[in-house]
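Across the two complexes that follow, chain A remains constant while its partner is chain B and subsequently chain C.
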Partner chain A sequence: MREKHRAAKTLIWLTASLIVLPLMVLLVWCFANRWAYPSLLPENFSLRGLEQVLFGYHDMGRIVGSSILISVVAAVLCVTASALAARAVVFYDFKGKRILEFLTMIPVIIPATVFGMGIHMMFIKGGLNHTITGVILTHIVVSLPYGVKIMTDITKLYGRNLEEQAMVLGANSWQSFWLVGFPKLTPGIASALSMTFIISFSQYFLTLLIGGGRVKTFSVVMVPFIQSGDKTIAANYSVLFILITFIVFLIFDKIGKKARCIA
Partner chain B sequence: MRKKITPYLLSAPVIVLCAILIISIINGVIQSFGIIPAFDMTKPTLAYYQEILHSESLMESIGLSLYLAVATTFLALAIGSLLCWSLILLKKKGGALEQILKIPILVPHTVVAILAINLLSSTGLLSRIFMTMGMTEAAEWISCILYTPESWGVIMAYLWKEIPFVCYFIAAVMGSIDGSYGDAARNLGAGKWRAFWNVTLPLCKPAILNSGLIIFCYSFGAYELPLLLGSTLPKALPVQTYIEYTHPDLTHRPYAMALNMIMLLICLIAAGVYYLLLRQKISETRRRD
Partner chain C sequence: MSLTINHLTVDIEKTPILQEVSLSVADGELLSLLGPSGCGKSTLLKAAAGFIEIAGGQISAGAKRLDHLPPDKRGIVVVFQDLRLFSNMNVIDNVAFPLKMQGMKRAERHEKARYYLEKVQLSGLERRRISQLSGGQQQRVALARGLAADPNVLLLDEPFSSLDENLREDMRQLLLELHREMKNAIVLVTHDRKEALQLSDRIAVMKEGRILQCDKPQEIYKHPANLQIAQYLGLGNTISGTVSQGFFRGDCGAESVTFETNRPDGAYDALLRKEKIRLSDQGFEVSLLKIFYLGDTYQIHVKAGGQELVFLAEPDQVEDSLYRKETVCIEIDYGQTELFNKMD
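Moving on, here comes the complex of A and B:
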């Protein structure tokens, strides 16, 4: 009976191995000191990569911290705006609703490069160039479609039935939203926060263009090391990046679960 | 009694953000026609577009990016759909394998570049394995993967992220359709492959096309991977565009903006194709009734 799904199993295992293998190679590079071609294993290991990443760049801690903060702020703002718009689209019928739905999907069609180079001069004139605000703004615009899609899906899922029932039972509109409707949205909010955080944290081009050299995020600082050819250091930065993303992911997930339980 | 203005108030932040995007496009269009008051350029002209269309190297960049986008989209949709269906067939819920398939979502494209370099470059792991096994011509062949116009490295790097993306984008839809219509087809005697190809897959077309559009526009216009892994001659369009944008001669700027507008046009055409294909599905099913 198992034989029937042999092709499916093979595909899944193949894909999983192709995902895991490069990551394991990355991990080995983290601790490799000399790994000359064409040896299959490093000649010796060391922690120099780790030391360089953690202590080498004297600003590293601050850069990582501010990058996380920038992306968290961008995520929170994006999800808030998305949640409000999702509520408008799902609960109300109004003129221009179709246009709004279309508009929110446009950032998916328009490449970030086109957007960035198009808005750059306006930001310069508006004093937003080379500022954290400008960078956060561009990140929000680019993550908008994902935020809106996730929030619209979850808002549609629960609709307004529960809130209306609460109001029938005597709650005012704020109570029915905050105590009944909002908790139902928390899984979607957690998911949207994670997604928009990743998009913002991974942004390279927009941060490079709008931030100039002034706004340094982890993503931007990392690229020269990738281009440099020192694979040990690049590997350490990459693993640190993935770890941070994973931890933030977990935190948003936990908050989402807690918020749901409290209500 | 709900105030009429409420939905507009609720949508205000999103509308402002979209306005920023629209402004960037309008700006791009204006500048591409050579109107940049800040640089004392005030006469509209098509000259920049004409020069691009006559420039062999720039047309090659456009062609390269198109090739990249089409290849990536096609492969990602094909393999991603099959992967999604395989997961459904095996009915594994939340197993370790499923979690592994979600990992690429956490990894940014810049890190994927490093992964590709580690494995596929001429001093990468694959090459070392070939050398150890004594297959020196195979090791030489490896140097064709990265940095060449065929762009195998860039395509594989995109696929590493996009196949799991497609898989999870269509998972919910395909799961429910396969569970209902797919099951019905199999109950009526269709083999599992026939049920997939003739029933499940066509019904998932909207979700698949949607993810296809996202992937096409992304792989066409993204900067990071072609920069780090891509062909050096011709360069991919976004990379070439940024080079023109940062040209020391500021009056060169309209070239970059014209290239940007061409990029935008191609993405809009892709969106148009997407809507046409979507509409076609609906009219086909109506005719059958």
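Moving on, here comes the complex of A and C:
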């Protein structure tokens, strides 16, 4: 039994290190100036990477702010649509239900580039090309399968039992959903919000294609630096990216926990 | 009339579950719906509450038709088998929930909730989370919440089935007391015949989507309408046979059960109640098949009249030596043995 414990522990440490070690290397790269193989540590250190990220663009703060806002809006809208679709699919039987379920999963099957080309043309015709609205809409579409899957699972888990109980006790449809059904969905909602946020926040190709040069998000700014080969700057941007998503995840999680206890 | 159900028909995915079911519950009455699993009793409950579409029939409370009303407007409260307590609220908010839906202010509804919690002997637990309560306590919160809604009719769907025997007995007593005090009409769905006999003003016995008999417990016990009801209530032994020229004879050949009767000739099933058979030294010998110890009685299986018969014996009639015997002596009282036409 103790051997099984030790084996399990070793496995966990191994897996954790696969995530933590590269992160640690990344952190060192943030402050490295030149770090050539096979040196174990950088030859010299500097803060130029940090300077580039913080002061390189004169409106970096605004870019970060609006990127977060775009992704939060996309996440909220996507999760709302997902929750409604999940409720329809789980609680009701209607013609075309199977087709609807399949349609919500298509963005996972069709590659983003293919989808991007198609929707690019549609948006040009519809006047949504190079707009923030257009960018948000494409982010919603690619995140939809994940949102719908998460919300369907959690809606199925609790079903309508509690809402039925609330109704016989005098609650109308809205009250029974909001006071009793919704609090049970909050873990799924927090999870879906985080998932769709990161999908939106890390979109490069689609944002570039649909936004043109006009919609500048954090990923759009960051990816060229990563492609440039300058590992110092790339590392700084990456760490900032991780930091932002981590904080947003924490906020969604806190909101989720609070929302469970209303009413 | 608190609730009247007329010729109710319910189909689920094209299978008929309820077939022309008619039932009524008077104000202040406790009616049990008794039947085996799958007989449709839970479906009847859900249709009355408004969760299932009905294919035909009417549901009314007095003169008011209920079938077109949503569940929150029917004046019918259900306590489900899985309790369905709201885990995002504490105990008192759960009990006060129906009062909040009626628009009561916080102070007033909390005071009323405390009153109902006291009735179910849960005073002091107002601020607890649901997950911190034991099974029996959760049951009582669900009951208090149902009563707090002060419904026209309270429907209880096998409410005590997940509790151990002692707790079930306590809850039954509690329910009876509350019923006497509150005087709501109550419909209790159960598969436990002892529970139905103990608690009900009337029992409706259901099988395969139909109501077989609806009457006072004593009446059903003394005069079951057909063999199925008698068998479901475990009233006694079924003997298949024929009546010919004033005598009933069982189908099992020469040693079959035989007795006098004034029923017309034909094929019948006889109900030989357990109380009519007893151990007796003056009786006749039969093969002993099994003895089961039940604590306050013994259940004895013998082979008589060509078939297996079951009856009970008092502890002081049974000695340990009986277990080793191959035969016992029994007496059977055939007076007033019920005969049911085979057509039923």
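Please note the rule applied: the second predicted complex is superposed on the first by the 245 of 263 C-alpha atoms of A that agree within 3 Å, B and C clash if a C-alpha of one lies under 4 Å from a C-alpha of the other, contacts with A are read in each partner's own complex, and residues count from 1 in each chain.
Keep this in mind: a residue touches a chain if its C-beta (ideal position, glycine included) is under 8 Å from a C-beta of that chain, and two chains touch if they have at least 3 such contacts.
All of these numbers come straight from a predicted model, not from anything done at the bench.
Chemist: Do chain B and chain C fit side by side on chain A in the superposed arrangement, or is it a clash?
Modeler: They fit: once the shared chain is superposed, the two partners occupy separate space.
Chemist: Who does A:Leu11 touch here: chain B (first), chain C (second), both, or neither?
Modeler: First partner only.
Chemist: Applying the document's definition of touching, compare chain B and chain C: which contacts more of chain A?
Modeler: Higher number of touched chain A residues: B.
Chemist: If you stack the two complexes on chain A, which partner ends up touching A:Ala171: first (chain B), second (chain C), both, or neither?
Modeler: A:Ala171 sits against chain C, while chain B stays out of touch.
Chemist: To the nearest 10 degrees, give me the chain B-chain A-chain C angle using C-alpha centres.
Modeler: Spelled out: centre of chain A as vertex, angle of 90 degrees.
Chemist: Which of the two partners, first being chain B and second being chain C, lies in contact with A:Leu162: first, second, both, or neither?
Modeler: second
Chemist: Answer with first, second, both or neither: which of chain B and chain C does A:Lys184 touch in the superposed model?
Modeler: second
Chemist: Quick check on the superposed model: minimum Cα to Cα separation from chain B to chain C, whole Å please.
Modeler: Between chain B and chain C, the shortest C-alpha distance works out to 6 Å.
Chemist: Within the complex, which stretch of chain B touches chain A?
Modeler: 2, 4, 6-8, 10-15, 17-18, 20-21, 23-28, 31, 38, 82-83, 85-87, 89-90, 97, 100-101, 103-111, 113-119, 123, 125, 127-129, 131-132, 139, 160, 163-164, 192, 213-214, 217-218, 220-224, 228, 238, 241-242, 245, 256-257, 260-261, 263-264, 267-268, 270-271
Chemist: Write out the stretch or stretches of chain C touching chain A in their complex.
Modeler: 49-51, 70-72, 74, 76-78, 80, 82, 84, 86, 88-89, 97-98, 101-102, 145, 149
Chemist: In the complex formed with chain C, which residues of chain A make contact?
Modeler: 161-162, 164-173, 175-176, 179-180, 183-184, 260-263
Chemist: So in the complex, the part of chain A that touches chain B is made up of which residues?
Modeler: Chain A residues touching chain B: 4-5, 7-9, 11-13, 15-16, 18-23, 25-26, 29, 37-40, 80-82, 84-85, 87-89, 91-92, 94, 97, 100, 103-104, 106-119, 121-122, 137, 140-141, 144, 148, 198, 201-202, 204-205, 219, 222-223, 226-227, 231, 234-235, 238, 241-242, 245-246, 249.
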